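Notes follow the structure.
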Amino acid sequence: MTKNRLEAFSDGVIAIAITLLVIELRPPELHDGELLARQLWRQWPSYAAYLVSFLTIGVVWLNHHRVFTQVRRVDGPLLLLNLNLLLWTALVPFPTAVVADYLGGGGEPARTAVALYGVVFLLLGLSFGALFAWVTRDDRLLGQLPPAAVVRAARLRFMSGSAVYLVAIGLAFVSPPLALALHGATALYYTFDQASVAPTVSEG
Amino acid sequence: MTKNRLEAFSDGVIAIAITLLVIELRPPELHDGELLARQLWRQWPSYAAYLVSFLTIGVVWLNHHRVFTQVRRVDGPLLLLNLNLLLWTALVPFPTAVVADYLGGGGEPARTAVALYGVVFLLLGLSFGALFAWVTRDDRLLGQLPPAAVVRAARLRFMSGSAVYLVAIGLAFVSPPLALALHGATALYYTFDQASVAPTVSEG
Amino acid sequence: MTKNRLEAFSDGVIAIAITLLVIELRPPELHDGELLARQLWRQWPSYAAYLVSFLTIGVVWLNHHRVFTQVRRVDGPLLLLNLNLLLWTALVPFPTAVVADYLGGGGEPARTAVALYGVVFLLLGLSFGALFAWVTRDDRLLGQLPPAAVVRAARLRFMSGSAVYLVAIGLAFVSPPLALALHGATALYYTFDQASVAPTVSEG
Amino acid sequence: MTKNRLEAFSDGVIAIAITLLVIELRPPELHDGELLARQLWRQWPSYAAYLVSFLTIGVVWLNHHRVFTQVRRVDGPLLLLNLNLLLWTALVPFPTAVVADYLGGGGEPARTAVALYGVVFLLLGLSFGALFAWVTRDDRLLGQLPPAAVVRAARLRFMSGSAVYLVAIGLAFVSPPLALALHGATALYYTFDQASVAPTVSEG
């Protein structure tokens, strides 16, 4: 039961966070004789930020699903680690809005906006890593743990995203758009399964 | 399991997107002695856009349901095709807000707004078509595939919406209100089942 | 399956609509030396509208639940009647915001705002009545229909809310606050079960 | 069935309320040559309020879960007590926004904002206490009630939060930031289980 309700609640929060991204996309205001088409075009940073954040939250959902398919038992720390993961996931619309507002103008605001974006994603990545480390700590939660080398390799793949986010934070001070693109590429990498170590639990 | 959680997550995103449409409906501002009744009346493009978008997202849900009732197995590409479908569905409140703001004033903004609306719906339709094509590619996902002619006909019915959206984009440059009405009519067409090709899976 | 997913989707839309009501409650703006406490107090129409709308949507959920506990089979028209009910339920935050903005100032705006509120609730009530009438039309959806007199009485109780909403619309032109209070009283009436006619379906 | 749908609806409302907190976090506006980094930093009351409210709603979810794991039967009053609990939970984003806007400036607005925050949390705590008292009133809902002393102790632990909120309201008039910190500490206390009195119901 606990696992089902934890998954349902997590799915709810993730689904709402991913859908709330759209409220940062606002109709542009038009002044004397401006073309709507042109003003819509000028909002490209909003669209780019929407796309990258949507992909990333989507990938959080995919991997949440992959991790919990293997989990057989939920304990107290896992509940809190999961709540911590949701806290950072639900926060994503905020840095997304900051990037949407300030990426286009360049300068310090663009660099700071994308660096903030990277910091939130780094903390999201570390939170997910902590959850994964707890789940694979021993066989109490998974039922059956694979050889230590397999677990280590999976943890490494799972954590490598955080290292990339660290790079993206640095890159934000050189080229904010490139740093945003790196976030997008990281999300695409995680659409492939990096989390499976144990047999999945059939609940059919 | 995978299928249940994919359906639950999709239902969540679709339910949130359809309900978020309402936050584009704002109380009108009143200046010196204006009647609220008159200003509410003037917001008719908001109500029209709300209605058409609500119908369309509602129909996406109905058809998502119809397609996945037939699916027996979920694979990796289907997860990504579904995420892509949700991306465009969750985006709908944005063009809806643009139409609400600019349809009433006419001119270039009205034409551009409804054309943008059509483009998002076209991409939504194509995404759904790609998902449907993948599901009906062979019998691995459906368990049992009907004769090729039945599949072809169902795909054609399922895809025809995208052709109509293409027409609606063109029509937006002639008569934006008519183009919006065409979107509404398309949604009504899809309330009827165009997606069933295989026996449904009982999960009771 | 269909029934489960219809209930889950409806629960989602209703839960989102009821929770979105809060975004109409905004922190007041303060000008030179105004007290926050006083400005918060002045927003009482927002709180009243939030409370009545929350109660009403909560009651829609309770009754949706009571009706569908009795339903054994879902058909096409029921899907559409349910979508229609959700359309008006999801719309509630809009007239709520209009009442919150214009009830306090009195005059034509207050009367129009509460009348609009009543119109949306009337259409919501009629939509629910239509759904209930369809469900109790014969025994195909309920499995087993009680005597005609029982059904008639239940329909009458279920529909009487719409008559009250009609009264509330008229009352809005005399005393907008009283009309809002009548809406609240109607919601309280419907917390008691007015919908049960058939044995409930155990799904445990 | 009733219990499952009540849990699903409650999870939905709680998940939406917790995720809606983010829309109070807005990108700061920049004037002539201000640094984005500095303006983001200045918004610390928003981040503090987000964190405390997220923790508190998260803890409401954990405890809702702990209480309903023990419940075997849902009756009418429990439905209403649960709706009342959801009303206050869904309201949390409002005082959170007020704190975010007025904590940083100090003075009467800061004190009033945090006192309002405390009042809403107090009413939330009392609502949860009333629900818990009803559930543990006799053995009809839990199936099997533990000795009276165990129930009394659990009620006391469960209710003690409301006493702390009362203290926090008073503290708001002395030091608003300290009062907010006390709210955060209370949430952390409730991450530990204070609600278990009866054997849980397996639903697997």
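First chain written, first letter: the chains are A, B, C and D, and each begins at residue 1.
Quick note on the criterion: a residue touches a chain if its C-beta (ideal position, glycine included) is under 8 Å from a C-beta of that chain, and two chains touch if they have at least 3 such contacts.
Model, not experiment: these values are computed from the prediction.
Chains that touch both subunit C and subunit D are absent from this assembly.
Chains compared, subunit A against subunit C: the Cα-based superposition rotates one onto the other by 180 degrees, nearest 5. The greatest centre-to-centre gap from subunit C, using C-alpha centroids, is found for A. Where the sister copies subunit A and subunit D meet, the same residue numbers recur on both sides for under half of the interface positions. Note: centroid distance subunit B to subunit D, computed from Cα atoms, is 36 Å. We define each chain's centre as the mean of its Cα atoms; on that basis subunit B and subunit C are separated by 26 Å.
Listed for subunit A are residues 8, 12, 16, 20, 23, each touching two or more other chains. Chain pairs that touch one another are A-B, A-D, B-C, C-D.
On subunit C, the positions that touch subunit D within their shared complex are 7-8, 11-12, 14-16, 18-23, 25-27, 30, 35-37, 40, 50-51, 54, 58, 61-62, 65, 69, 191-193, 200-204.
Subunit A makes touch with subunit D in their complex at residues 1-2, 4-5, 8-9, 12-13, 16-17, 20, 23, 76, 79-80, 83, 86-87, 90-94, 97-98, 100-102, 108-109, 112-113, 116.
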